[in-house]
Structures are given as C-alpha cells and as structure tokens.
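The structure's right below; bear with me while I get my questions together.
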Amino acid sequence: MNFFSLFFPIIIYGLLFGLNYALISIGFTLVFGVSKILNLSYGALYMTTAYMIYFFAVMNNLPLIISILISIVITILIGLAIFYTILKFTVNPMIFMVTMLLFALLLQYIYSYLFGGQVGLIIPSLFPNVSIGLFGVSINLSLLASSLISLLLIFLVSFWIYKTSIGRRIRATAEDPEVSELLGINTKQIIIIVLSISILLVSIASILLVPTQEVTPTMWVDPFVIAFAVSIIGGLGKFEWAIPAAFIVSFAEVISQYLIPYNVSDIVAFIIVILFIVVFPNGLGGARIES
Amino acid sequence: MNLNYFRSRSFILSILIIIATVIISYAINSPYFTLTILIADIFIIMSIGWDFSSGTTNYINFGISFFFGIGALFTGFFFYSFNLSIPFLIIQAFFFGFISGFLITIATLRVRGVFFTLLSLLLPLIGTDFILAFWTVLKMPTIGYYGLPSLSNSLQVSLIYISLFLIIIIILIYTLYSTHIGLILRGIGDDEEAMLAQGINTFWYKVLIFSISMGIVGIAGSLYALSTTFAGIDTFGLEFLLFPMVIAIFGGKGKILGAVPAGYVIIILSQYLQLYVGQFTLILFAAFAIILFLLFPNGISRWFK
Amino acid sequence: MNILKVIEVSKYWGGNRALENITFSMNCNILGIFGPNGAGKTTLLNIIAGIYSPTKGEIYYREKNITKLKPWIRVQLGISKTFQVVRPFRTMTVEENILLFSKIRDNSNVDEIIKITGLEDFRYRFPDQLPFGHLKKLEIAKVLATNPEILLLDEPFGGLNNEEIKDLLELFVKLRKNGKRLVIIEHRISSLLEIAEDVLFLDRGKKVFEGPVKKFLENEDIKEYYFGGNNNA
Amino acid sequence: MSYSKNTKIVITVVIVVILVAAITLGAYYMQQSQTPTKKYILIGMPLPLNSPIGVNMLDSAQLAVNQINGNGGVTINGTHYYLKIISYDTEEADPSIPVSNGISAMTALITQDKVNFLIGGYRSDVVDAELPIAAQYHTIYITFGADPEISTFVAENYTAHKYIFNGFVNATNQGIQYGALPVYMLLAYKEGLLKQNITNFAILGEQAAWTKVDIGNGGTSSPLYKPFEEVGFNVTYINYFPLSPPGGSYDSLFSQLADLNTQAIYILAAGTETPLLVSNWDSFNWSADKATGGMKPILMGADVMAEMEGKTYDYFNATNGGCNGEFTFGWGPMLPINITNSSIPFYNEFYSNYSFNPIFEDGFVYSAIYYLTQAIEKAQNLSSNAVIPYLEQTNYSGPAGLIKFSSSHGLIINLKPVPSVPAVAMQWHKDGKLYLVWSSLNPLTFTNIQLPNGTVVPKITVIL
C-alpha cells in the first residue's frame, strides 16, 4: 500500500466527509452558542426526518419532494414540542439535559416498535446513488451533492448570522443574554428561531446523507457523536469553528482507516476530543470553558 | 465519625427491605422472580454508585454504563488470561472502575460542569467502538467473553451473594458519609462556590468520590458478568444508563438509599411487563422516566430523608 | 513588619472603575473600612480574599506576594472571609457547618468556637431554624473554624438590631484578645468606632483617608461629609 | 411551575394503578390461554423476533408443528398431545442488546410457561449464556448457534450438560465447506469458462465468534489466508469491516481494495449491516482507479441478509438493486434443490405459506421439530431425561440434509461420498430474483451464472 497511491483518496474523502460532518454539526453548535442548550435529542431529530420520509415516501409512496417537506415540518414541530414540554416544567439544566436524552431514547423505542427492529430500511434519495471517477478516486454523486449543499448552507448561515439584523440580535444574545434583554431583544424568541433553524439544518443533513445509509432505530448515535465531537473540538463558541473541527475529524478518520490495520476509525473522533480537552481546553473557538 | 447515620431510619429500612426481598424470593420460589430481584440488586448498586457522586455534586455523569462495561469486560479479561477466582475478579473490577473513574474525572472535571456531562455521554458510545476495534488484541472469543464462572450454580445462592454485596456497599458508603469526607461531599452538593471561597479545594474531593462511585459501578458490572456468564459490548448499552439513573432519581436525588425501594419497584415492573408486552415495556419505561423527571425532579419517596 | 500590604490595586469592570490604585498597610488588630455604598469596599475585600483578581497592583501578606493565589490557599495561609449575604450550608446542622472547615489549618476546637460565638443552644439545629442574628454569628463561626490569623468581615452588622450589634462587638473584642486581627467593612460607622484602631475611608473607588481613629474623627472633610450634611451615624 | 403536593401524589397513584392493572390483565390473559381443553407439548423458542432471521426460524418451526398437529399430533401412553410453540423475543440480532434479555427469556419460558422442550437461539454469546440455564432445569435445548463451544460445553460435563444439542453446522466444519465454493469458481474461471479472471481476493468479516475462527487477527496470520494462497489465490486484504465507517460510507474501504486491484470480495456476515456494504459495492466506481484498470470485483460469501427474498424483508430493494451479481452461500433448501427428497416439498410448502424463501437455518429448525417428536414418540415420555437417549440416536433425513449427532451432541458432517449437509450457493440476478448457482452435491457444475454484462451462462462443468 504505497502512500502516493492513497494521496488522492485521502484528500478527496477527507474533504467530502468533512463537509458532511460540518453539515451535521452546525445546528448543534449554533443552538449551544446562542442559548447554552445542549440539544441531546439532536440525533433523534436526524432519525425522525429519516423515518418520516420512509413513512410518507416509501410506505405511502407520496412523491419524494412532498414527503421531504412534510418530514421537515414534522421534525421541527417534534423538536419544538420536546423543547417546550421540558421548558414548561423545569429550567434546571441537569433535568433539561436528562429529559432531552430520554426523549431521544423514547423516539428510538417507538420507531423500533412501529417500524420493526434492527432491519435497515432504505429511503429514496434526491440524487442518484451512483459514483463518478475523479483523480482515480470514486466519488458518490449524492455524497458530493450533499457536501456542496453543505458548503452553500455554511455560507447562508454565516451570512444570516453576520450580515442581517436578526443575526446581530442572535450574536448579542449569544454574547450576553441579560444585557441583550435590557436592550429590548426578546431573547426567548431569538432562541426559538435559532432552535428551529438548527432543527431545519439537521433535517436537511438527514435528507441528504441517510439515503446512502440505512434507517435503523439506533442510527441517531453516530450523527450525535460526530456533532458532539466536532462541537467540542470547535470549542462550542462561534458556530463557524465547527467547520475546521469537522475537517480535523474526517481527515483523521480516513487516514486512520488506511494506515492502521484495526478498525480504529470509530474511536478517532473520541481520541481527538480528549486530546483537545487536555491540550486546549477552550477548543478552537476560544469559548472560555475553564471551570 | 458520627454514628447517627447508622441509626437513621432510611439505613435500617433499606437493609430490612433487601433482606425481605431475599426471604420473599425463597417463599415464592419462582426462579423468574429470583432472577428479577438479582437484576434489581445489580441496578440498585449502580444507582447508588451514580447517586453517590452525581446526586451529591450535581455533576451529571451520563457515562456510568462505560464503567459498568469496564467492570464486566475486565472480569472477562482477567478470567480468560489469568483464571482469577471470583473474589479477585470482583476486587479487580472495583480497582479498575476506580482507576478509570480517576483518570477520566481528572481529564474532564477541569472543564465546566456542562462539558463533564457532555464528555461522559461519549464514553459508552466510544467504549463499544473501542472493543470492536481491539477485540482480537484483547483475546476475546467473540465481541465479549463468554463461559465466565457464575457466582454459584443455584440462582438463589447467587442472589444471597449479591444482596450481601449490596449491603456491604451501603455500609461502605455510610461509613464514608459519617467521616469528614462525607461532610465535604454534602457541602459540594449544597454550595460548592462558598466552599471554594472559604477554604476547601473541592477538586480532589470530587475526583475521589467519582472514582469511588465508578469503582462501585465496576463491581455491579462484574456481578452482572458473573451472573450472566458473559461480558460483552452489550454492557455499554444505554439501558445500563437509563435504568440506574431513573431508579436514583425516583428514589430521591442525593438521598442515596432511596434507590433501594425504587430499584425493586422499577425492575419488578419492567421484568414482568416484559413478559406480557415485550418491547413495548421500553416505551412505557422511557415515557414514565420523562414524566418522573419533569414532575418530580427530586424523586417521590418522601419517607427517605 | 506589616501583616497585610495592598500596593496600587485597581479593579476595572469593563469600563466601570470599581477601585483606583489603592495603597494601604495594616499593622493594627482591628481595621475598619468605611465609605458610602458602591465605594468599592466589598470589591477590595474580595481581592484580598482572592475571589476577584485585581486589574493591576499587588497584595502582600507577611511580606509574601499572594496576588496570584487561589482563595483556598489564602485560607490555608490564614486569611478567611465571611460573605456579605450569609451563605450557610442548609443541609447541615450548625455544628456540621463549623466542623466542615475545622480541618483546614490544624484542627480547631469546635466546642470553643460555638461557645465564643454564643451558638450553644442552636448546635444541632439547621440554619433555616436560626434567627437572623445567629446566622451572622454562624458565618463568623465558620470562618473561625479555619483558625485564621486575619478575619475579613463584610458588613457583619447588616440587618441586625442594636442588641445583636452589641453582642457582635463583644465578640470582636474577645477575638482581638485571642490574638485575631479583624478587617471590618461597615457603612454604619458609629458602632465600629468604639473598637476600630485604624480606619480606611473609600469613596467612589479612591482612598480618601487612612490613619488612626482619633485622626479620622478630627479630619475636616470627613466630618463635613458625615456630620455636616446628613447625620446618619 | 411547581405542582401542589397533593396533585403530585394523585399523579403517582394514577401511574402506579395503570401499571398494576396492565400486569394483572396481562397475567389473566396469559393464564386463560394456557389451560385449554386439549393436551399440549409446549416448545419454548427464544428467538431474535425483532429481525427477519428470527421470524424465519419461527415460521419454519410453526410449519412443522402445523403438519404434525395436522396428522394427529403425538400419542404418548394412549393420550393425544398436540405441539404448541411459545416464542419469546430476545432481540439478540442486535449485538448491543443485553445478554440478560436471553437469560430472562429462558428463565421465563422454563419457569413461568413451564415449557417441555426448548428450540432456538441464534447469536453465539447469547446462546452460550442460555446453555447453563437449560442444563440447570434439565430441559432439552436444541440450539442453532454456529459456535463450536456448544459441543465442548456438552463434552466437558456430559451428565450435567447432556440436555444441549446443536442442530446446526458449527463454524469449524462450516470453514471446510466455505473454502469449496471459491476454489471451484476459480477453476471455472481458470479454464476460461467465465470471462472474468479472479486471483486477487479480499476477505471481509463481521466481528463475531464464528468469523473469528476464519479471520483471527486479520492479515497474513489469519487461518483462511494460507489455504487460499495454497490454492492459487492472492489474498490482498483480510480483516473485519467497521460497523460505522468514516463518513458513514464504505467508499474509503473500497478505494483501498481497488488500489490493491482486488478481483473478488468474500464476505462473512450474519448480522444486519451488509445491505449498506453491498449497495456501496454497487454504487462504487471501480474503474476510477485507472492505474490498476479497475474492474468491479465479484462479491460472494456467507451473507445471511442476502438470502432473503420475501414478504417481511427483501434484500434486493434493501440494497436498491445493488446486490445484482452477488453470490450468497448457505445451507438448507433456500431454493428448490433436492438435497433429500423432502427438500423441495418443504420449500414449496414454506413458499406457499409465507410467500418468501426459507433462509439457511430454516431447514434445520424444521427438521429439529420432526426428530424431537420422533424421539418423544420412541421414549413415550415427556421428561427430557427419558427423551435424550432417543434424541442421540437421531438419524433424520430432513430438507437440509441428514441429521446425525456426535457424542458431544454436535452435528456430524461428512463430505464423502456425498456431503451429508450440502452447502448451496445462489446469485442475485438483474430481475431481482435469487437463482441457484452451485451446490456441493456436484461441486464441478455451475448453473445460470449471470455475468456482469447481463448474459446468463446456463450451465458450466469444470473438468479437473
């Protein structure tokens, strides 16, 4: 296995998977950056969109576009419903986090009960599940499309945050909620808007990435670990730090896949996270997280 | 060393309940009931371990199924490599639970509470991948060790051993609670900031109690492996986080011994529901846990102070 | 040798100047720090105790620079502070509140502390069952448990009636006799004048006066400030 | 938002009442269905019912039970007994599900439902945890784990563990049969009978006990490496495939194999992860790596999910048609082939009842019901101790082949003169159907092989 012949695959797959990891993680980092809420049911919403598309497009064979739109709306409603039910009863961060995780587990058990256990279901894709050859490397069209869309979404979200009036209010809330409240910003409303956008982003990630994978009741774990790892490495500060962090994880995984005989690619994300915590506890984004 | 802990109502009541369940299981003489009580005891040990650290210090530890897995897998590893006898297997489980708890809390407790929780949730998810990657190096026959020695070939005798372990652990925690360290732990749960400002560096105390807690959870893992004669990646499953945490909260967060009655109620309900409604039990359980956390964040059992 | 030296300490909170290069040294037993609300008294105390770090300036305790030390290390050296708003441990009895801090600087005698602070008959009660005056005494008892050399007391008389204030003054005199040194912040000057040896007067973050009580009473602008205008002594 | 004290108490009481009512109702219902007028022999079946594998095994057992009950059931000392299956979902197909589920299932079946015999088990670690329980309660347990440990468990302590029988081919003698297919396929290609030439071979296995016997620690040290090398293959890559690969796609793994100019990939997987692997194999652009003139490698091997074409689960659309061209390998009449004269009737009956083809274990489960009933009839007694001697003398020619037990209750497999339990290979064609391609009954002939360009080669015989 000479290294030169692997040069292109590592670069291309590193970039491809990196952008897809960024797509999965932006929503998570955005919500925490603004509201310090750790959306532990984030992975479950990713799974919900997939099951909704399966229910509408495959079981009731509605046209794909319509099922996608319905699924996005349903996922946002479920996401906000979870958020509101918890908020109605408690503001204690511990109970908040535990209950969000419980909702993720509840959704897992419900889907496992309704759609049958560990059998991988397939949902239709917007893009053909075919690969083209480029620089001697096979690139799957739908993965390529999703990484380009991810790039587009990153620009859209940064434009929205940094160039629009609502963006300023979001940054103010993230900076200091109390002060922004005094300046007349309705921080509660801002948090709802940011939460809805983050659920929309995770739904889009699910729509683009799940068709090349399988829909199972435990599929929420992998995107959740990625979003977690990338956000911690990014420092949970400004959301755009999640992008370099995503590339660090994807390149490390691909390189370890090629060079290390054992299947270590799964643990790579975690090892990097621990390294970042010990070496630069504030992560790339510099959000002061020193206790 | 004030001894009024040992005279407190909750201590006596818990010991009586544990002994009662053993006697009832003799009376009913249905192996399924005995197995249920045995599983309940293991989960109670875990929720005591969880509550002792997360309950008192409010640092939520989502990673206990990782340490449960460590206890179970090291039991398997030491049995396969060194053929240790059962007492040593359990002692090593406490030891490795303690060490891994120590190392991980040192690395993560420096960061803010919310990150401690965040990272602790990653542990079990990564523990599974770690085993899947290095199972051949760890000389595992399959993705886990099977054919482990069982505590005893009769279920009833195994239940007695495990109940004894549960009582020993309760006594261990109560002795610790009645020492100066116990006072500091309660202080951390009460107002850690005031302690830091007025002279006590709480960091090492937190590391100590998390290590002890994870040692206790390690013991539960080892007992689980020795009762099912198998130690594999299933011990990292989220069920081994969900059940102990709900038992601890249902029993009253921070009131360690609330877990004893709560544990028996919850495990008996779920094991028997499992017979009739099968998989639906988990949905019922998750829904029950959500209602519990939202309506009664500090648990329901009033009689345990 | 001055027990405590503060050299050119300033503290800026994002634009607002809480303290402006304060320098003073303490070599008496009881130092009173006076000044209107918002003068920076509590900020100065917290900087000495290590809760806040100064924007610039240094603090010496027994000629040792302690500016960078964490609060709990300063307590181990002998500087302990009470909270302005009492923060007892509600899940513990009075005795346990004191016991908690009794092992930091060689075990202090809990019974003696309880006797000195007059909390005998509340020993096994919980803080919620204590009258406010006794909560203030518990705050002091907790600090005494760390066996400190210097006690930093933040408005110990706040919210007390005259009867309770008299009790505390007797307690402070007893502590001085036992060799403790006290730094007391108060904006009700009259009660402290009887026992304070030296005075530090702050106004809007700046040092206005430093010196013995006698000179403080004769000082013109202090008199004008306090006794000329509204006499709220 | 705090609720007053008494509303909290009321809510708890309501929750507890509902739960208790649910249990008592359930218990009453269970009690009702158990004391019917007829006399029943209860067969407990702990199975992974949350996956098509378990559902298939239950269906084949039910088929045998219905047939036996159809012609009168079993008469013991003059009284008529009918067979009745009580199944229990251990969810064991998913490796992350706790083993304690299997143990609870066994204990419940034996002590709550009072079953007379046990048939079932799939995942090797769950089965190994269940064996001591069956032995402890002296109940016969015919299991279908592929792990050789099952017969060592019996051999170690025969008097205590004699209740355990392994009704399926264990991993070691599976290995012998697995080697057969690629060797004969190589001969077919070497003779130029099939266009594509294969010498570079990659072997990917899931992580389980039965694959560890073949793949070991991976790389040149693994047990399968030397035999394939000796026969003339060049094993380019041999390792376990990751469950969650980088970027959630196997493309990076396949680009590694393409770079090694791999011409055939041999999978060993019984779990539920292969559909993703196979659809990635199909969507991957194998000719991208010009340097090695990349050609799409043949995909073959023991892939349990690839054997299912049916109502509850259809592999073809689970891989978006990706499995076209994949050879899958197994036992038992997964397609109509007369291994014994009862194979084709079993296949037809199974297909007409459940409208999908049986998988590799179904022939064995179906036979198990039959030879267990024969043993009961010979013993004229329902106690396991009485039935065991007769069960040991089983010599049953079932749809999957001739079933005989060794002294340690493992399945005796003999290859000469004719394989007692022949292996079978099938290929997925473009039309979404599974076609029989090869069987170890006559290993030198291949039938209806579809080449990558779509043409079907009806019959080829390799001349040695």
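Per-chain residue numbering starts at 1, and chain names A, B, C and D are given in the order in which the chains are listed.
Note that a contact is a pair of C-beta atoms (placed from the backbone, for glycine too) under 8 Å apart; a residue touches a chain by one contact, two chains touch by 3 or more.
Not measured: the values here are computed from a predicted model.
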Show me the overlap between the contact partners of chain B and those of chain C.
none
Decide which interface, A-B or A-D, involves more C-beta pairs in contact, and give its chain pair.
A-D
Based on CA centres, what chain would you say lies at the far end from chain B?
C
Which chain has its Cα centroid closest to the overall Cα centroid?
B
Chain centre separation (chain A, chain C; CA means) in Å:
52
Report the inter-chain centroid distance for chain A and chain D in whole angstrom, where each centroid is the mean of the CA atoms.
36
Averaged over CA atoms, how far is the centre of chain C from the centre of chain D? Could you give it in whole Å?
78
If you average the CA atoms of chain A and of chain B, how many Å lie between those two points?
32
Taking each residue of chain D in turn, which ones touch at least two of the other chains?
50, 91, 96, 218, 240, 242-244
Tell me, which residues of chain A touch at least two other chains?
89-90, 112, 117, 263, 266
Per-residue multi-chain contacts in chain C, two or more chains
none
Just say which it is for the chain contacts: an open line, a closed ring, a star, complete, or other.
other
If we use the touch criterion from the header, which chain pairs count as touching?
A-B, A-D, B-C, B-D
Along chain A, where are the residues that touch chain D in the complex?
1, 5-6, 9, 13, 16-17, 20-21, 88-90, 112, 116-122, 129-134, 136-140, 143, 209, 212-214, 216, 218, 222, 250, 253-254, 257-258, 261, 263, 265-266
Which residues of chain D touch chain A in their complex?
1, 48-52, 91, 93-94, 96, 218-219, 239-249, 251-256, 258-260, 272-273, 275-276, 279-280, 283-291, 312-313, 317-320
Contact residues on chain B for chain D in the complex?
30-32, 35, 39, 128-129, 132, 135-137, 141-144, 146-147, 150, 153-154, 224, 228-230, 232-237, 239-240, 269, 271-279, 284, 288, 291, 295-296, 300
Flag every residue of chain B that touches chain C in the complex, lowest number first.
180, 183-184, 186-187, 189-191, 194-201
In their complex, what parts of chain D are in touch with chain B?
3, 8, 11-12, 15, 19, 22-23, 26-27, 29-30, 50, 89, 91, 95-100, 103-104, 107-108, 110-112, 124-126, 128-129, 132, 136-137, 147, 149, 153, 207-209, 212, 216-218, 240, 242-244
